[in-house]
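Next, two complexes with chain A in common: one pairs it with chain B, the other with chain C.
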Partner chain A sequence: MALARYALSRLALMAATIAVLVPLTFLLFRAVPGDPSAAVIGPNLDPAVQGVLRERYGVDEPLAIQLVKYLGRLAHGDLGMSFQYKRPVSEILAGKLFNTGVLVVPAIVLALLLGTAIGALTAASRRSLLDRVVRNAAFTVKASPIFWTASLAVLLFSLRLDWLPSVGMRTPGQGDAGSGLAAIWSTDFLWHLALPLAIMTLFFMPEPLLTMRTAMKENLHEDFIELAQAQGLRRRRVIYWHAARNALLPVVTLMPALTGVLIGGQVIVETVFSWPGMGREIVNAVNTYDYPMMQGVFLLTGLLAVTVNTVVDILYAYLDPRVRLT
Partner chain B sequence: MTRGWGGPSRAEPGRGWNHTVASQTRARRRTDLGRYGRAALAALGDLWRAPGGKAAIVFLAGFVLIAILAPVIAPYGPFDRVRGGDGRLDRLLPPSLEHPFGTTNFGRDIFSQVIWGTRRTLSVGAVAALATVVIGVNVGLISGYLGGKVDAFLMRVTDSAYAIPFLPFAIVLVGVLGRSDVVLVLAVASLFWRTTARVVRSQVLTLKERAFVKAAVVGGASRWRVVYTHLAPNVVSLALLYGMLLVAEAVLAEASLSFLGLAPTDSVSWGTVMFDAFTSQEMRTAWWWALFPGLAIMMFVFAISLLGRAYDAVQGSRRDVRL
Partner chain C sequence: MTPPLLEVRGLTVDFETAEGRVQALRDLSLTIERGETVGLIGESGSGKSTAGKAILRLLAPTARMSGGLAFQGRDLAAVPSGDFRKLRWRELAFVPQAAMNSLDPVHRVDRQLMEVLRTHQPMSRREARRRAHEALESVGIRADRASDYPHQFSGGMRQRALIAMATLLRPALLVADEPTTGLDVVVQDRILELLEKVKQDMGLGLLLITHDLGVAAELCDRVHVLRQGMTVESGTVAQVFGQPRDPYTRRLLGNAPADGRRPEDDGVDGESRPTPTRQAIVVEDVAIRYATGRGMAALARRHEVSAVDGVSLTVHEGEVFGLAGESGCGKSSLASALVGLAPLAAGSARLGETEIGALSGRGWRAVRPEIQFIFQDPFQSLNPRFTVERSVAEPLLAQTRLSPDEVREWVLWALDAAELKPVDRYLSRRPHQLSGGERQRVAIARALVVRPRVLLADEPVSMLDRSIGRDVVDLLRRLADDLGVAVLLISHDLSVLARACDRLGVMYLGRLVEVGPTREVLDHPRHPYTHALVRAVPSEDPNHRRPHLLLPGELPSAMNRPAGCAFHPRCERADTDDCRRVTPDLLGNGHRVACWHPHDQAGQSILPAPEKSTTERSTT
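Coming up: the complex of A and B.
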């Protein structure tokens, strides 16, 4: 019951955040000097033609009406026409979202698995040297800007050793491998995925690792651990069953704070590896003054981040009943 | 955190009772400033004595010194094209005694670029961090002390600031307002105040139950006087720490935007050097071009994270790992 109430309150907060995010996205783009359509309407055009274009982009109406119309179109999944591609933004972004997903989802899963495992191992290890090395390595990775690690990886593994490709999702000329699962079920794709995936995983790993390590160390001094040991359970079972299970909770709480970081990392990795995803598209849109595209990507990332955070919060409340009470 | 770092400020209340009103106010302002100054010094002292604190502070001071002395240290200007003895451009030379970090495809000395870049990187970082901390501390103080509806409203705004992913936001802001350092500062300041606001608020919530605050209220101090004379000096140490962490965050933000080609190109920062290296298509040979500016960023951010760890050692606290 308490869980349902908590979930409802989280959903209400999510709705409130979206209610702020959407108009904000709209207004942000009215801050463009002149108006956004100035990017496609040249100042030398025939004033009559300018008027027609203005009407087509709907920028000749009062701001409030524009906002209402924007919301109306949004409700139908219409994100406007891309200036650059002359196609609906939603159509283009659907493909880009998929491309981003096939890189970022495996990266999150791998980073969480490896990070928590290594964190738990080092915390439980009695060799303090291993612990120190791992901890400092994690801090070093955390301090390294991702575009630097990515560039150095390209330099070493692609340009020098020529082991892995540094550009794109598949070898040109291999043909479009189709859509959906068929597109990613090929060795050529996996070969292209390896390096960006490794970089994203490495980038994302220090946080779960360090959090898991700290939480484990604290848990190992808790009463229930001593009780388990006093009952004569084997050390390994105590550590990896009793302590690790509870140490996973702080790792879950960490997730919402990290979505923004993860999205930022993704933008950069896509740029370095010319990965045709949403992150590369938003940078591209800025360079080509494609305002509807910028607006679309920004809105979509914002909505994704809000949704993920809400889901994680509810999941956390499910895992740790203490949260629901507050 | 249950205790203010270094405890409540021990500054005496203004002792101007036998002077005119004007000099009373002056005296009061002086002691207020004194409280902030003493709190900041105490905080720095604690960090200096903490394990790893000395190293971090010396290291960071070194970076600041490099930024200030850039014209003295750098052998060339950031955009100088260096020519060899035979009058030809020194293109893509590997690191040597003459060019410790090598040269670019235009014959620019990368060592000089990194040294000059320290200037812009650090100043943009510092200004952004300062603006952010000022917003965060004030939101936290007001939210925590006033409570009620103001608190509820400000905390919802803080939640929304957490919901917006930074880099897409900054990219869009550049797309809308153009490429400039002001836009970068604006982007950092309009989102990253959130963590400072939260930690300051929770600190204020415990501080306002303490005797010295209650005494001030009973003594007839106005709300603003309580907040800015009695509470604020006690969050100076927190503000200082988050200010430092924010410098690192702002430096990374500046570098990321520069690397994406979204920074002004008329001056050099660590990020713009990386951008040039990446877009030059010369990375296959010129490994040094990307290596050194990135190393500078990494060392700077690492030193600040050392400072964060020193703070944790002093406080026995665990902070949120990300801002």
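Coming up: the complex of A and C.
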């Protein structure tokens, strides 16, 4: 009951944050020096043409008017027309977002599950060799730049061994395998997904793994672990019901911080594997002063960050009864 | 002849450390029969906890153990770990110290009891819950609290839950490791009573590990005194406490009589000293409130908690004033306010001539050298990277403009006054090279170095071994006598206060309920609460058997303070409407009390101790 009230208050806070976030994403890009018309027609622009373009893009009006119009359109789900693609931003982003989602969501889920499981196992393991090997592997992965790991994987598995494709989401010429869920259920797609997914998973895994491992190691020295042992609880029960359950807390705390890492890694992996997702669109939009695209992309990432934080807050309150539910 | 319940023969434990082998326990031998309580007593590092863990097979993997352990005639060393797991809790149970983390913070208390039950006996969830609640009920935790999380319990409730847990399967042997350390006396009293009761009900053997001689004297039939892993003395309580043979035991017992009277004391306190005249601290009608709740709720008046309410007291120069009371009674809040860490909600506080209630941050800078604080934990209050010289010089560098030579001179003086001798041996040491007692002396030197008018010591010895703590308290007393500094000594331990204080104030839920000369208050307590507090202190004299007083109920939270006299729900004398409606004022001359029905001035209790809540303990 108290938890439900707490969740509601978190959601209210989330709404308030979004209310600040929306005008902020709009104003942020107006503050960037440069002009979208210059990006379209080049540096030797004719002032008359520029005026027409500025009018067409709606950037000739005062900032306040632009903001009000933007908010009004946003209320109808309209993110505006991309200057560059001449298509509605919402339409472009919907497709890209889907492509990114099918790569990122499984990668995060796998990384969290595998990371916490391996971290817990190695911390509780009485074989110190296993622990050392896993820990050093995690540090090595963490220390390697992702573009290097990704390129190396392409070199080995695609070019040398020719097991997996290195580019795109599906084999050219096989046509569009349909949209939505149908697209995911093609073996061709899964085959293309394997390598980038493995790289992304590997990229996310060290943080939860190492955090879990350290927290477990510390927890195993707690008094309640000693008491549980003295009570004759089975070792497996002591480790999972007591130690691992408590060690999950710092892993959950880590999740919002991982969101930033996620976006950075996503951009690189999509570039290396020519994956038609959001990551590359971000870079593209910024380079071409495509205001509506930028706003759309950053609004989405902002929403993602706010959502993750809210979910983590609620999850944390659920997992740790000591959190004050007010 | 049946073999003893537990027989320990020549138990020796070594630890492998980076510096080589460390012997933690050497050649311990003892036996415990059913229905018997055996005490292992000693200070920190004596190996008493190691012995308990060795019996329960809980030692770290780096430990090497030798010697014989036989449980009901069965050689425990020969029991493989799979079988030993089944022996655990069914036969050998354990009551740890009630520190916050003896219970898993993320699981409900009843769930943790159910877990134990279901590990050892196949039973339905429902049946396990019923038995868990029954066990908690038997230690006075009602069903509506049974499903709380550990952090929602008070220290005493946690300890009772741990005892309920330990006795779930009616074990044959119970090892209790410091079961009352860190608890207030009144709560401790209840735990001791409970341990005694489960021992008798279940006829189990109890191994009691404690540093508290009073607790050992009350509960044990026989004791073993350990020092640095060696047994220095053992025997019945009457032998060891009555005629201690070993000098170490004598030192532990202290040359003070059992009730903590100071040795050089010739009876009448207060009057025997020249009456000091200059007032160092005058607190008048002070209230301290804290906001609770978060966000906008914190701003509303009804979300305020009154930590201290209507407290007045005066401490003179050269006087040691003691403040007693259970945790949460507001004594530390008062101390915080006196050093400017908590704002006064009402009333006034004067330090010498300066009114400190209204001081600004800048104003505080000027008076700060006048009042200095000594913290509870000497392991955390010193910067581990500073040498002793640097730590003690710190306040001088911050608060004065002395030359380096003068700073050094003052530091040497302060260390000398704190009796860290020879001084030059300590100057360049760092905290990790010092013992707990030495660290606390460094903290005292650091407080003294600016030559304050007032020393505030909040539980300065509660983290130290008893004999070390006594020395530190005696030092504070001498500082008051020799330097004329006023000392406000805060402690929950009456024997500490009795040792050093001229006058004593007792607080309950934010109010002073009794004030007077120390001996007066302790020998003839007039407030029923003080009465309970004094009677709850375990006596180290094995011939003196006190009834367990068992103050009923829990200390209420300051958030819902009972109306009228806040003590009335737990008071055996509260009978009139006045008690329930009107807060009594602190009345009297010299020895003052805030109660509608105080005990007789002459000291003898008007009411006999009530029969129902009394448990006489049979002597061996």
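Keep in mind that, in the parts below, the second predicted complex is superposed on the first by the 284 of 326 C-alpha atoms of A that agree within 3 Å, B and C clash if a C-alpha of one lies under 4 Å from a C-alpha of the other, contacts with A are read in each partner's own complex, and residues count from 1 in each chain.
The rule is simple: a residue touches a chain if its C-beta (ideal position, glycine included) is under 8 Å from a C-beta of that chain, and two chains touch if they have at least 3 such contacts.
For clarity, every value in this text was computed on a predicted model and none was experimentally measured.
Undergrad: State whether A:L3 touches chain B only (first), chain C only (second), both chains, or neither.
TA: A:L3 contacts neither chain B nor chain C.
Undergrad: Under the stated touch criterion, which partner chain does A:I65 make contact with: chain B (first), chain C (second), both, or neither?
TA: After superposing on A, A:I65 lies clear of both chain B and chain C.
Undergrad: Could you say whether A:R237 touches chain B, chain C, both of them, or neither, answering first, second, both or neither?
TA: Only chain C is touched by A:R237; chain B is not.
Undergrad: Please indicate which partner A:T271 is in contact with in the superposed arrangement: first for chain B, second for chain C, both, or neither.
TA: It touches chain B, and chain C stays clear.
Undergrad: Looking only at contacts as defined up top, I'd like to know whether chain B or chain C touches more of chain A.
TA: Partner with more touched residues of chain A: B.
Undergrad: Can A:E222 be said to touch chain B (first), chain C (second), both, or neither?
TA: The second partner, chain C, only.
Undergrad: Which partner does A:V283 contact after superposing on A: first (chain B), second (chain C), both, neither?
TA: First partner only, chain B.
Undergrad: Does chain B (first) or chain C (second) touch A:W148, or do both, or does neither?
TA: first
Undergrad: One more residue to check, A:V133. First (chain B), second (chain C), both or neither?
TA: So A:V133 meets neither chain B nor chain C here.
Undergrad: Where on chain A do the contacts with chain B and the contacts with chain C coincide?
TA: Touching chain B in the first complex and chain C in the second, no residue of chain A appears in both lists.
Undergrad: Which bits of chain C are touching chain A when the two form their complex?
TA: Where chain C meets chain A, its residues are 56, 58, 85-90, 92-94, 96-97, 99, 101-107, 115-116, 119-120, 149, 151, 162, 165, 293-295, 297.
Undergrad: Which bits of chain B are touching chain A when the two form their complex?
TA: Touching chain A from chain B are residues 156, 159-160, 162-169, 171-177, 252, 255-256, 259-262, 274, 277-278, 283-284, 287, 290-291, 294, 297-299, 301-302, 305, 318, 320-322.
Undergrad: Can you list the residues on chain A that touch chain C in the complex?
TA: It comes out as residues 222-224, 226-234, 237, 241-242, 245-246, 249, 319-322, 324, 326.
Undergrad: Hey, which residues of chain A end up touching chain B in the complex?
TA: Counting only chain A, the residues touching chain B are 13, 16-17, 20-21, 28-29, 31-32, 139-140, 142-145, 147-148, 151-152, 154-155, 159-160, 207, 210-211, 214, 254, 256-261, 263-264, 267-268, 271-272, 279, 282-283, 285-287, 289, 291, 294-295, 297-298, 301-302, 305-306, 309.
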